[in-house]
Amino acid sequence: MRIKVINGNTFESMTQGIDQSAQAARFPDTEIVTTQPKAGPESVESYYDEYLAIPGILEEIILSGDEFDAFVIACWGDPGVEAAREITLKPVIGIAEASMYVANMVAARWGVITTQHRTLDMIEKTIYKTGFSHRCVSIRTTGIPVVETETAREATTDALEQIGRLAIAQDKAEALCLGCAGMSGLDHALEKRLGIPVIDSVAAAVKMAEAIVSLHKQNSKALTYQVPSPKPIKGFPAHMQPGRFSANSDKK
Amino acid sequence: MRIKVINGNTFESMTQGIDQSAQAARFPDTEIVTTQPKAGPESVESYYDEYLAIPGILEEIILSGDEFDAFVIACWGDPGVEAAREITLKPVIGIAEASMYVANMVAARWGVITTQHRTLDMIEKTIYKTGFSHRCVSIRTTGIPVVETETAREATTDALEQIGRLAIAQDKAEALCLGCAGMSGLDHALEKRLGIPVIDSVAAAVKMAEAIVSLHKQNSKALTYQVPSPKPIKGFPAHMQPGRFSANSDKK
Amino acid sequence: MRIKVINGNTFESMTQGIDQSAQAARFPDTEIVTTQPKAGPESVESYYDEYLAIPGILEEIILSGDEFDAFVIACWGDPGVEAAREITLKPVIGIAEASMYVANMVAARWGVITTQHRTLDMIEKTIYKTGFSHRCVSIRTTGIPVVETETAREATTDALEQIGRLAIAQDKAEALCLGCAGMSGLDHALEKRLGIPVIDSVAAAVKMAEAIVSLHKQNSKALTYQVPSPKPIKGFPAHMQPGRFSANSDKK
Amino acid sequence: MRIKVINGNTFESMTQGIDQSAQAARFPDTEIVTTQPKAGPESVESYYDEYLAIPGILEEIILSGDEFDAFVIACWGDPGVEAAREITLKPVIGIAEASMYVANMVAARWGVITTQHRTLDMIEKTIYKTGFSHRCVSIRTTGIPVVETETAREATTDALEQIGRLAIAQDKAEALCLGCAGMSGLDHALEKRLGIPVIDSVAAAVKMAEAIVSLHKQNSKALTYQVPSPKPIKGFPAHMQPGRFSANSDKK
Amino acid sequence: MRIKVINGNTFESMTQGIDQSAQAARFPDTEIVTTQPKAGPESVESYYDEYLAIPGILEEIILSGDEFDAFVIACWGDPGVEAAREITLKPVIGIAEASMYVANMVAARWGVITTQHRTLDMIEKTIYKTGFSHRCVSIRTTGIPVVETETAREATTDALEQIGRLAIAQDKAEALCLGCAGMSGLDHALEKRLGIPVIDSVAAAVKMAEAIVSLHKQNSKALTYQVPSPKPIKGFPAHMQPGRFSANSDKK
Amino acid sequence: MRIKVINGNTFESMTQGIDQSAQAARFPDTEIVTTQPKAGPESVESYYDEYLAIPGILEEIILSGDEFDAFVIACWGDPGVEAAREITLKPVIGIAEASMYVANMVAARWGVITTQHRTLDMIEKTIYKTGFSHRCVSIRTTGIPVVETETAREATTDALEQIGRLAIAQDKAEALCLGCAGMSGLDHALEKRLGIPVIDSVAAAVKMAEAIVSLHKQNSKALTYQVPSPKPIKGFPAHMQPGRFSANSDKK
């Protein structure tokens, strides 16, 4: 089984961090290729960043043709995940979604800890959209930019520990999702410090991808996730034009 | 007051149709300029289309500098509206949101009628996200592609009338939002045929934009809609790089 | 266009304050007449006050015959708004509803600041009924009675600033609705002090009324807002008997 | 124990019907006095009717002084119930609320059957406000006016049976609330015909009132249901002025 | 009328305490028999305890044959209440449900105060399941085990007072449900100390049971609460085998 | 990795069917042992069945000591799953939960198809509890008892196909969860006939269990899922007494 993990941003050292988490999480027979979009922001910390990241993320899927059995979108917020499911039959898993499912399976009440304060609304809307507003009891932010999350590991870990303690003590969170792909790999240290399950969202998504592939499930083409109708899309290369990419829709 | 109405797709005859509705709806002192993105799909009928439309929509806002007092995103689903509010201080109104507010003000229970069957989920999620799942009692689709909505006016009107009648009779809808910018201008004919308020979403958004401008309100920069932090965004032109566009943030 | 703004209470100096806000908010071609019910409480601070205010508010609409194009009910909580939509074809806008729509258009998360502590439940239920429980993140009260809100402007402003700061700092509110018609006109001072959009709910409702009139939309008479059936209503004057007032239902 | 049952309208033969149901439902030691407001509509079939009914309902409570231990508001929709709880310490029970609690206790999924089609929204909002949108699976209306519900008993029963059968077969309702006080007394006949619990809402409310009185519970005066502050209320008699009626607030 | 009150646990002195509350709450003509399951935990403080308590609770109902007119399950969380409604026609009332209905009837916003911190999720889910997440504004726990709640009355009362004060001051709760059958009888003392309605959940359930019996309502056998189909259930005695117990289903 | 799959009922041929699905779904290195409780009903088709099944299910976990790395509860409705998470550190996955996560990952709108009509409420409540009421658009039942689901495979498959077609055509479901462990193995046939993803819930849960184990996550012992406090539980064997079973709580 081959899974392509797509970093949501174009920050290469984060791609490497994500790869480490993904490789560590995979089953032995799974092959993981971690990549990053050709186009898009260095980090996703705003809706603007998120929306400019999506075409590049989708391109990564289109370019893959049939080489992969599943895709992971490694950016909390799951940018473009519905579109991704339209353009391929292969399962596409968002790390936000995956981490919340895992949290649900090990804790009655959980929270999300993440980076910049301004992402509070993005996090909250992602949870609301998924339907877990009654399960998620805490969203807390360090205020540390995504890039520093990658480069200043110890400071980031300390800050996450601090808000994690508040999530446990004040909000009664019993597990925590790491709400940024850049935090991949910090789960073990934080779990040790905080004493509750801390979920590496990238790792969670790899496991979900393996699960869906192994179940031989593919994206439903019944209605919502049908292949986009052929039509000109200005300003995008030929390989991104609907009707031009195969969307492996004849495979099923 | 100058309002820029941005067609969500790159289909020029739809831009013209939107312009007609917008011009018809404006107050005398309002100047409307209707435009379409340089890049993006000919119609928005899938999540894929929607996400590839967003960068072009946002670019239209960035390129406007300080020339406009407000923006309307003329695509039901309000693609990119949160990001748009980050990159400008000027009000940005989505036509979905606007039409639902208008529906709420004239009817206790309302519905949305729109194009392709596959957009059902997109419509439903837009309503859920806004918080009106208990007010919207009907979503019905004609199955007619967006482009034909523009080019085959009579067939479209007939088909909308037909699903409109079902929405009234079976779902007890008391007003209907036209769930596609391409349906702009059909509200009067449908209102006459159906006997209930039918809301031209583009017109609704123009009025909302005029309202917010007249109230001297601008996008809150307190947290979520702060200007995106400067950072490189690969594959996008200089004028779309955060830190490069002014975001008229010094105006307030 | 002529809009009648109806103060929800019978406190004349508040009617004047509301009028100032409404006049300041109107477009040049709009004519505003602000009035107050002949009957009803001096201020609305309880459910009892609210329910006794409603017949007088409705009477103001009935007495207007066809002189006005729209009505604004200037009392946060929108007392009687559904009934008002039954007895006239002309749009009727509540200031609570209007202010929340405006808040949604400029902020991701917003709050309501208002008068007496006891109104907390009334405010909360109004928001829940509208569907915005997931958008409204803060409701805070000064404890100052409505009448003093009008008469002690500086103390009121200071108190609102104080709870506004808490709403921003603790609840992460990014815009604030002024939850009482008596606070009309304080938005500019508070906006300056707090640095986030503060919404004068009366002004917001005037703009919504202008919008709906301009869109030529009227109350749906399909089901819920049909004209009340003729029947005797004891204790109310002839002009308030269903069947006696025209409800301008023959206009459409 | 003395309970005052207040018909929501001023239709005397309905008051008698309500009284019969209430008397039949009371425990032997309970004394029931059924009454109707001096002012208000002959029937409640619209929001307009409902709001004009409320002052008269509240007056019935005020005039009762300390003669009663509890009040029942006999109109599905519970008009004015929050205000009623402000002006007295004595429990005030709405028949809508009461019937829904009873339905919850005997059925997993239940419905409401009622009169005019136009009341659909009023019924739905009452259920949503209470929090039972996930328990109520059916709302169906006969189209028969309230007054005929009282005067044409057999036709009403037949029509209720018919929509009741649809509620069971199509919506899988397992119990039905009679959504109008005028239907009091029809529960037994309908229960026999339909084979599921049919709840006489007046009877249900009498039992709830007896329960609360027997528990020695009174309306909380902590915040929301505090006695209204003294203030002039124009157009209402002296005995309805806050500060003039005792609200038996010194009793506790 | 004969009501069987079933303590959810097997702690005899708690059964006695429950009996005192139940006897104090009953109408003169009601006969109350309070009992405890033969099997089950000494106290219910975890999901494990709760699930092991349920078979014994159900057995108490089955063994009662036709001797009782209604049953009360005296454990906050209402363990097994849906199953109980399947195996008998007689009304079965849970004390959680009953106390919440009573709270709704006397207060706009209420809370639950209870025992061990770990039960927070159980309490919250019970409220969510019932549909009152928007009415319940506070859940607070003393940390005192259930057994001590019974044996250390003064310490328990002091601790409840303390969290009750926080519920009032910080969460604006206006009434409080005692979230454990072991707290039965403490309502009067707490009501005196806290000044708001405090609801003895056992007493509340007795009143609800009397109400339903008096209304001649029984569990709907239309769908969900049908008698369980005959089938072998290993490890349970003959009298608990479906098909063997009569479920008094022939009575209706 | 060793996973114990626990059939929720005591019907041996269903245990075998579950085992086949589980074995087919496991990764090569996973060892699956499928078992059934010593005590409990032959099938779970009512709340009564469900609650009597739970102690036996929990016993299977307790008896396993440290031999297994995870548990699957193979009964749609996930009976006892919260309690199971208290008594072991090892992940416990319910098949309902697992199948809904999988459905979410491959379809925008999905449904559940299952056995007896009476289980409608159980299914609906399970979905509501999880938070997916806005994702699940269809619940349909064949009316075929669980046991026949196992023994009459072809009739069951035909009946499921039939309701599946309705779910797709009328409710616009785009994937279907098989809502009964007895349907394990029918997913491929149904997928072929219906053309949309059909999810074998047992297989889904095996994959989720493998995922959580591989992520080294265990049940949070922070609050809700703490090991039950030692206390006597009458009528249950020594090995089921809290304090006697180790709950492998010292492993972490």
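For reference, chains read A, B, C, D, E and F in written order, and residue numbers begin at 1 within each chain.
In the analysis below, a residue touches a chain if its C-beta (ideal position, glycine included) is under 8 Å from a C-beta of that chain, and two chains touch if they have at least 3 such contacts.
Values in this document were obtained by computation on a predicted structure and should not be read as measured data.
J.: Touching both chain A and chain D, which chains are there?
T.: B, C, E, F
J.: If more than half of the interface residue numbers appear on both sides, call it same; otherwise different. Which is it for chain A and chain F?
T.: Same: most residue numbers at the chain A-chain F interface appear in both copies.
J.: Going by the touch criterion at the top, tell me which pair is linked by more C-beta contacts: C-E or E-F.
T.: Result: the pair with more contacts is E-F.
J.: Averaging each chain's C-alpha atoms to get its centre, pick out the one most distant from chain E.
T.: Farthest from chain E by mean C-alpha position: B.
J.: Which of these, D-F, A-C or A-F, gives back the D-E interface, meaning over half of its contact pairs coincide by residue number?
T.: The pair repeating the interface of D-E is A-F.
J.: Just how far, in Å, is the C-alpha centre of chain E from the one of chain B?
T.: Roughly 52 Å, centre to centre.
J.: How many Å are there between the centre of chain B and the centre of chain C, using C-alpha atoms for each centre?
T.: From the centre of chain B to the centre of chain C is 27 Å.
J.: Residues of chain F touching 2+ other chains?
T.: Expected reply: 82, 85, 108-109, 120-121, 128, 133-134, 172, 223-224.
J.: Every touching chain pair, please?
T.: So the chains that touch one another pair up as A-B, A-C, A-E, A-F, B-C, B-D, B-F, C-D, C-E, D-E, D-F, E-F.
J.: Hey, which residues of chain D end up touching chain F in the complex?
T.: Going by the criterion above, the answer is residues 108-109, 134, 172.
J.: Inside the complex, what are the residues of chain D that reach chain C?
T.: 10, 37-43, 45-52, 54-56, 58, 80, 82-83, 85-87, 117-118, 120-122, 125, 128-129, 145, 147, 223-224, 226, 228-229, 231-236, 240, 242
J.: Going by the contact rule at the top, pick out the chain F residues touching chain D in the complex.
T.: 120-121, 124, 128, 133
J.: List the residues on chain F that touch chain A in their complex, please.
T.: By the definition above, chain F touches chain A via 25, 27-29, 82, 85, 91, 93, 97, 101-102, 104-109, 130-135, 168, 172-175, 195-197, 199-200, 203-204, 207-208, 210-212, 214-215, 217-220, 222-225.
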